[in-house]
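In structure tokens below, several structures.
Both complexes below contain chain A, partnered by chain B and then by chain C.
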Partner chain A sequence: MKLYGKYFMIHLKSIMEYKTSFLFSCMGQFLVSFNVFLGIYFMFRRFSHVEGFTYSEVLLCYGITLLEFSLAEAFARGFDTFSSIVSQGEFDRILVRPRNEIFQVLASRIELSRMGRMLQAVVLFVYGIRKSGIHWTYPKAAAVVLMLFGGAMVFSGFFVIYASICFFTIEGLEFMNIFTDGAREYGKYPVNIYGKRVLQLCTFVVPYALIQYYPLLYLLGRGKPYYALLPLAACLFLIPCLMLWKIGVRHYVSAGS
Partner chain B sequence: MITMQNVCKTYKVSKRDAGFSSALKALLHREYELIHALDGVSFTISEGEMVGYIGPNGAGKSSTIKILSGILTPEEGTCQINGLTPWKNRIEHVRNIGVVFGQRTQLWWDVPVIDSFELLKEIYRISDHTYRRNLEQLSEMLGLSELLKTPARQLSLGQRMRCEIAASLLHDPKILFLDEPTIGLDAVSKLAVRDFILKLNEEKKTTVILTTHDMQDIEALTNRIILIGKGRILLDGTISDISSGFNSTEEGLAAFYKSHNI
Partner chain C sequence: MKKYLAFFRLRFSMGLQYRAAALAGMATQFFWGTMEILMFRAFYRADPAAFPMTLEATCAYVWLQQAFLTLFAAWLMEGEIFDSIINGNIAYELCRPVNIYNMWFSRSIAARFSRAMLRCMPVLLLAVVLPAPYGLMAPADGAAFFLFILSMLLGAGVAVSFCMLVYMTCFFTISSMGLRIVMTSLVEFFSGGIIPLPFLPDGIRKVFEALPFASMQNVPLRIYSGNLQGDEMLKALSLQVFWLCILILIGKLLDALAMKKITVQGG
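Right, the complex of A and B next:
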């Protein structure tokens, strides 16, 4: 943990060398997500409900998903940009250091400019909470924390899969964006509006529904109590991801000299 | 003590002819070519020895260094370094080695060099005492005191290489791998680096394995050379084995390459 702090400080110092650039990328991140918010806003000017969810409930849903995603993106960015870590030979360097390689990949990229997106997420989140009229209790607050934690884990899992594929081929990985960026965009709405099949898929295969739809129902007082704990089950998703990673490391063939 | 026995490493390289139609064909059906980067490599290096590892481009020098430092796993063969197999006991093994890749930096680009050093102190769990002693020693020997507060991106290549070498020695490694440490350096920096490596080997008895294309590096530093070509060890001996009968080592080496068709 202390070592992670050291890495964090170095990232912070590096960013401070380029203050203007940092500010602009934060603003950019903020505006991109703001766009999506406008989309939701204008749609609800025409329709008052989507599959039984109101405007503020959808905003709450989007705010939470966005926050989950930006947490994962800020801290697991090393896996997201892993192809550049491999092609620049940085991974060789990681392997000659006496520390766990997963830790080092995590620490080698900490993307603080994702603050902009996080800020947008927090705004939507707070707005959603204020308007949704949820009666807050301690268990419900705990459920939100679990959602954020589980969600960050699931998105990180996708980044790990993405990185593992880099061990076998360096190019043509854009399709993985369906699961990461795609999920963030579709995550605006509770998963069930896409139909029953998608909901099943997102429950048992890729656990999006476990970090979004079910716990949201619990927050809104429409779900069973155990729904609040489902984000923890979603963390199991990391196990196959990390297994794939281990196989990948064994296949590693470096990148010339 | 380093022993490598009968180590083989092959790479799968996809190939296709030039042109659009063959690019399309390659999309459907890839043809692969197996490249034998290392083909039964064996050698032994004892503690405190300094060895020049030479060969033409693509001969397998870097692959060997990468296997010795635990980055790559070979398909066949065994390798023992102070009783450990590098790719199996990676974390334990790399604690005792230092690696300098001449063409890649390990310093953080945008922060002062000393910050990179402090991070290494944490990564290798170097005690305060050892860290201070080594930092003092290294900055005196390599003339770093002026450079430590400068961000790495503002250093000249020669200055940066001196910092790189210091960075890989902070944790007192028993073995130092240098992959082309003098590439692109001016005369003054080259001499400084060579002097330093000699002193290090003499004073700390660090085992040094270095790859280079610069025969003057070899002449200045080592007696023993291992020459590799097309993945095989072609010569394990001294410089005089190559240079005798020629005006310079360079000419001798070129003739040697020619006679072996590499």
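Right, the complex of A and C next:
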């Protein structure tokens, strides 16, 4: 943990060397997700509700999903850019060091420029909370914390899968974006609006609904109490991801010179 | 003219080489299209009366948008061009007896068309076999199809000539990162990339439709489904021609200005 703090400081210092570039990438992150927000805003100028969710409830949902995603992206970004580590043979270096390789990949990148996105997520989140008229209690606050934690874990899991596939293909695969960027993009609306099939898929195959739709229902007072604990169940998703990673490491053949 | 055609051909066949990337891209685009349509379906169910286009036309819009994504997307700028300005390779290009603007223009158009050619067919085919109203409908009529093609060419021209402006400003600012980020996100929303323009409130929509951004993907995709017809369509088409000329004119002016004061970077 202390070592991770040290890595964190190094990344922070190196970013601060290029302040304007940092600001611009923050702004870029902000604008990209701001466009999505505009899309939601204008859709709700026309329609008052969708599948029983109102504007502020959708914003709350988008805010939480965005926050989950940007947390995962800020800390697990090393896995997202893992294809370059493999294709340049840098993974050899990681393997010979006397530390856990997952830890090293995790610490190899800490994206602070995701702050632009996070900031917006927080604003949407706060707005959504205030407008949606949720009666706050301690269990509900705890449910939000669980959602953020579980969500960050699930998205990290996908980054790990993405990285593990790189062991076999050397290159990153674009279609994996469906599970990361796609989930962020379409997580703006509660999963059930996409229909029953998608909801089933997102419950039993990939655990998106467990970190978004079900706990949201609980927050809004429409779901059963145990829905609040589903994000913890979603964390189990990390187990197969890490298994795939282990298989990948065993399969690893150096590509560097 | 002949040499620019050669640039076009060269870049075109280069673009056709990336087949694996195209395959992965197609899967992504098909998924994207499906989710988008499911989303519109949910809103349609919530209140069909408030829907500004028919559901069929909306689905056609989404599928065509996904199929021809690489033709119109503003974020698909040519990284090589920025690199050559920043690292000084531009000097080689300047030695050639060609006009920089025309060369880059033909290259960008070629890159876009080759990518779109590779990607569009499977997405379109899959979309056609999907059941109505979720699939891609047949074009409104023969004339609409012909005008769709024409307007698509114009739209791609407007998109490229807009990107050219960004390349040209890079001569003056060197680092174009900021401008590029802001511009691409603006274009994305203003051109109807996030939600089709008819979904916007009327007042805002009228303003947006007059801007050059609406002349990119908005016009062709709406002509296809018959959402844009008659006088309105003629107006949109002439606006496309108008903006294409204006953007090229500004680009050429910037080009002339840049060539006068150019400093070559790098050593």
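The working rule: the second predicted complex is superposed on the first by the 256 of 257 C-alpha atoms of A that agree within 3 Å, B and C clash if a C-alpha of one lies under 4 Å from a C-alpha of the other, contacts with A are read in each partner's own complex, and residues count from 1 in each chain.
FYI, contacts are C-beta pairs under 8 Å (C-beta built on N, C-alpha and C of every residue); 3 or more make two chains touch, one makes a residue touch a chain.
All values derive from a computational prediction rather than experimental measurement.
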Which superposed partner A:K2 touches (first chain B, second chain C, both, neither): first
Partner chain(s) touched by A:E17 [first = chain B, second = chain C, both, neither]: first
First (chain B), second (chain C), both or neither touched by A:Q200: neither
Partner chain(s) touched by A:R45 [first = chain B, second = chain C, both, neither]: second
Partner chain(s) touched by A:D92 [first = chain B, second = chain C, both, neither]: first
Comparing the two partners chain B and chain C, which touches a greater set of residues in chain A: C
Touching residues on chain C, where the partner in the complex is chain A: 21, 24-25, 27-28, 31-32, 35, 38-39, 41-43, 45-47, 50, 52, 177-178, 181-182, 185, 188-189, 194-195, 199-201
Complex interface listing, chain B residues touching chain A: 11, 62, 66, 69-73, 90-92, 94-95, 97, 99, 101, 103-104, 106, 108-111, 115-116, 118-119, 122-124, 151, 179-180
Contacting residues of chain A [partner chain C, same complex]: 20-21, 24-25, 27-28, 31-32, 34-36, 38-39, 42-43, 45-51, 173-175, 177-178, 182, 185-186, 189, 193-195, 198
Touch list for chain A against partner chain B, complex: 2-3, 6-7, 10, 13-14, 17-18, 88-89, 92-93, 95-100, 250, 252-254, 256-257
